[in-house]
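One chain, subunit A, links the two complexes that follow: it is found with subunit B in the first and with subunit C in the second.
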Partner chain A sequence: MSNETASGSWHVGAESLRSWVDGDAGSLVSVSVEQHVLKCAHCRDQVAALVPESIRPPWDDVLAAIEVPRPGLAHRLFVRLGLSESDAKVASTAPTLRVAWLLATMGVLLFVVLTAVLAQEGGLGLFLMIAPLIPVTGVAVAYGPSSDPSYETVVAAPFAMVRLILLRTLSVLVTSVPLVVITGLVLPTSPIVAVAWLLPAAGFIAVVLTASNWVDPTHAAAAVGVAWVALVSWAVRIDDPLAVFAPVAMGAYVVLLVVAILAQLYRLFGSTPSWRLH
Partner chain B sequence: MSIPTERGTTMPAPTVQLQGAGKSYRGATALAGIDLNLYPGVVGLLGPNGAGKTTLLRMLATVLGADRGSVRILGRDPAVGSQRTDIRRRLGYLPQELGYPRGFTAYGFIDYMAVLKEWDEPGPRRAEVQRVLGQVGLSDRATKRIRALSGGQRRRVGLAQALLGSPELLVLDEPTNGLDPEQRVSLRQVLAEVGRAATVVVATHQTEDVEALCERVVVLDAGAVLFDGPVRELVATAVDRVWLSDEADPRARTAWRTGTGRYRNLGDSAPPDAQSVEPSLEDAYLLLRGAVSSTEVPA
Partner chain C sequence: MEDRTGRPDDELLRAVADGDTGALRVLYDRHSPWLTVRLVRRCNDRGVVAEVVQDTFVAVWQGAGRYRGEGEVAGWLWGVAIRRLVSRLRSRGRSVEVPFADVTVGSDVSVEERVLAGVEYGDAGAALARLSPEMRAVVQATVLDGLSTREAGRLLGVPRGTVKTRLHRAKAQLRRELVEGSA
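Presenting the complex of A and B:
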């Protein structure tokens, strides 16, 4: 079925090719022809000459349709939100977009709801404790040496680390904040609670991002988490869980947010750009 | 057989210039202030584990800053943010242990790395991803999940991302790990080709790779440069210091039984009555390191 050409490489014979295109070749010949055509540009051209132009897509388009992975749901969502194709790719590569993370988040929130329904008092405290820590945890594991196995090559690439971190943070917020807000609205408590946690969460995320210049972000998130759990426990103990949203506390979160952002800006644009990577 | 150096007259500017560059981790010295100039071509980096090879490579890859001394890479200072980004645009890096985020295909991962290397336009990016996949011989594995690839294929995916954009400085930490002999030979062909224009730094434990591929070898030990020069010069230091015998020779510094049943002895000089043989780079390396005891199996 093959002819040896002058150059010494093998090509499918015209007859075999014709019968394959017509669908008359036996299974054995078909398999051989298909294997060969995949690797041989010359025989692909021969095939192209045998089929009508209208059903002849360029080979590269065929290959692209197979090779280029279909953009996932998250990727398409980010493009719809206005991100460029390349930014959407970077954002949607965050580990937090994995199904496992989403299921875990939903599991934790379901547990909070069940607790609130079964034991009304404890539910609010538990929600307050967990709500800001979900996005904080997500941000902490969205990048960094402990969660990204290809971290070193990512660092060595020219893509700005700040942009990468902000894109990943965006992807965390998009996936976790709506879930937590919905949970808050389901709880038998003031709807304000469902959104009030966003302020401390913003402060904590800023702290984790800024701290990640010096320490592993997961360590920073752990420290923030311990402090927040202690604060909420204290508020629950004095029978006033909403004390964590008292004006003075809200003021403190704003200060935290502003200080963290300023520290980050100073590091980015300060007179002595320090440089430390772990 | 001394060949006059062509570099004597028109010495190109070094790609990498280290002057007293050092790095310590919590007081332990990883790199003890070394001086090193690198030029286009393939340079082999040898040394035992913990000698500072990986620290040096991470410094060249701008992933790690030096504590002291000066570092210039491609004429820029990696300690300055904007210059560091410039270096990264012209750099390819394969770390010692490159993992891959879950769920990626070979094509998908290299495509993602290409985005991080600023290939924003999908068309040219696709052509470049295909080019590097072809260069490492993985074109027909592009759609496979990386988890389903063999160890050698996974290593080649890592190498492919380092080749994106034809970098001027290619930093490879043990690229031949997990490759079978055929794959190692084809990797050598790729690196030799790249090394005609670019500076390629290869850290390895495989002296054969250095012998087959590199013009120049740098041996590190305890964070310091033990040898820096042409491969043949290092091999020449072992001439008349390697001999065969039927029993392990007590005068040798180290000896081992080879496949032929005879012993290969390495020592300060071959005894006059002994059957002296041509040294390999491995012999020279072991003799240079000196401290190998006769009970220790040579690496």
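Presenting the complex of A and C:
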């Protein structure tokens, strides 16, 4: 099964090599050949000459596979956190996970802090106005035909819309809420304010999500935004910005949240909303 | 391309780590044939094997920097390939019947080296042949293919504990026949 070459080193005989390549070799010959091939470039070349081209994947396939871009940081983070590949892909393509969005959010919050430092009263009002609207806007542009570049692809994919929306909303909350909370803590005001806005924000997000069954989410967010800005403006005008967190108001946000969630649950198994069909 | 073909494998691997697809091509031409043949002997689904070979070279492309320059590049490639096979089969929820097979060095060096040396000259062949098929498959996956007991269990579709037990028995039998028998 073997022969001595002119160089004096041992090589597998042509017959053994061929029987191994063809899968006819007995187990002992196979073990022997496989051990030898690991260390012998000459015999590897002999194998290459015997193996039909069709048995290996084409080089072009390998080349195509290595040229696929590596998944982004957010994608890998989501996979690390236990999301499946497809979920991670869908969640990480949210517009709000882009650097530009994060920079814009930080820019707005920096402006709020500067205002608060320079003119204390106005700073609080501005923070109250902006804080809940950041995640609300994020959710509104996280999906839908007007803002999501992967919208067409996702609509065509066998992927539940509700799942998409929840994943995107989650990724918005993960990125924007901590930034806003930190900003609230930096402001020279009660630390309660830094978290109290979360309740109206939750109510508004629920409203936007539920409204998206009938209208484009960006329109819903615009309407909610205008209402909130009007409310805070009124509170600032009566010199009590924190009136927006008065017990009555907080109760109203809870009602908003509960009603929106109930409406969403009712709609969940209903027909496809008209704007998604366009 | 011609001027590259004379370059040694480890040099090519360093070039791959620097992003040279030409070097990967040469490695692919040199090593994919025997890797494919050897993998086909572990898994008789050629479609799966083709995917595994492709996965292997993609992994080499991404992880060429991890080769530490110790030992044969061919052995390192096999280590990558057999693990790709294990993970691909596991993700499909399948295992394979391993006919018989082959190596890297594990923990019990004396017996394994004895087996490897014996394989080359033939005296371990008969001893291996006398092992039961289950024990041979375990010896092949661990001693010869270089898998951990956990990986071997995944490849063979048996619990890790079973792999350990069979390996222990197989080693004892081989030791009896090779070491004590020849003393």
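Note that the second predicted complex is superposed on the first by the 197 of 278 C-alpha atoms of A that agree within 3 Å, B and C clash if a C-alpha of one lies under 4 Å from a C-alpha of the other, contacts with A are read in each partner's own complex, and residues count from 1 in each chain.
Going forward, contacts are C-beta pairs under 8 Å (C-beta built on N, C-alpha and C of every residue); 3 or more make two chains touch, one makes a residue touch a chain.
Note that the structure is predicted; figures quoted are calculated from it, not measured.
Contacts of A:S86 after superposition: subunit B is touched, whereas subunit C is not reached. Of the two partner chains placed by superposition, only subunit B is touched by A:P149; subunit C is not. In the superposed model, A:G107 makes contact with neither subunit B nor subunit C. When the shared chain is aligned, subunit B comes close enough to touch A:R98, but subunit C does not.
In the superposition on chain A, A:I66 contacts both subunit B and subunit C. Legend: residue contacts after superposition of the two complexes on their common chain; A:F159 is shown touching subunit B, with no touch to subunit C. Once the two complexes are overlaid on the shared chain, A:P178 sits clear of subunit B and of subunit C alike. In the superposed model, A:P191 makes contact with neither subunit B nor subunit C.
Residue overlap on subunit A between the subunit B contacts of one complex and the subunit C contacts of the other covers 38, 66.
Across the interface of their complex, subunit C is touched by residues 20-21, 23, 27-28, 30-32, 34-39, 41, 44-45, 47-48, 50-51, 55-57, 59, 61-63, 65-66 of subunit A. Put simply, subunit A touches subunit B in their complex at residues 38, 64, 66-69, 84-86, 89-90, 93, 95, 98, 148-150, 152-160, 164, 273, 275-277.
Note for the complex: subunit C touches subunit A at residues 9, 21, 24-25, 28-34, 36-38, 40-41, 46, 50-51, 53-54, 57-58, 61-62, 72, 74-75, 78, 99-103, 116, 119-120, 122, 125, 128-129, 136, 140, 144. On the subunit B side of its complex with subunit A, the touching residues are 58, 61-65, 78-81, 84-85, 88-89, 91, 93-95, 98-103, 105, 107-109, 111-113, 115-120, 122, 126, 130, 140, 142-143, 158, 161-162.
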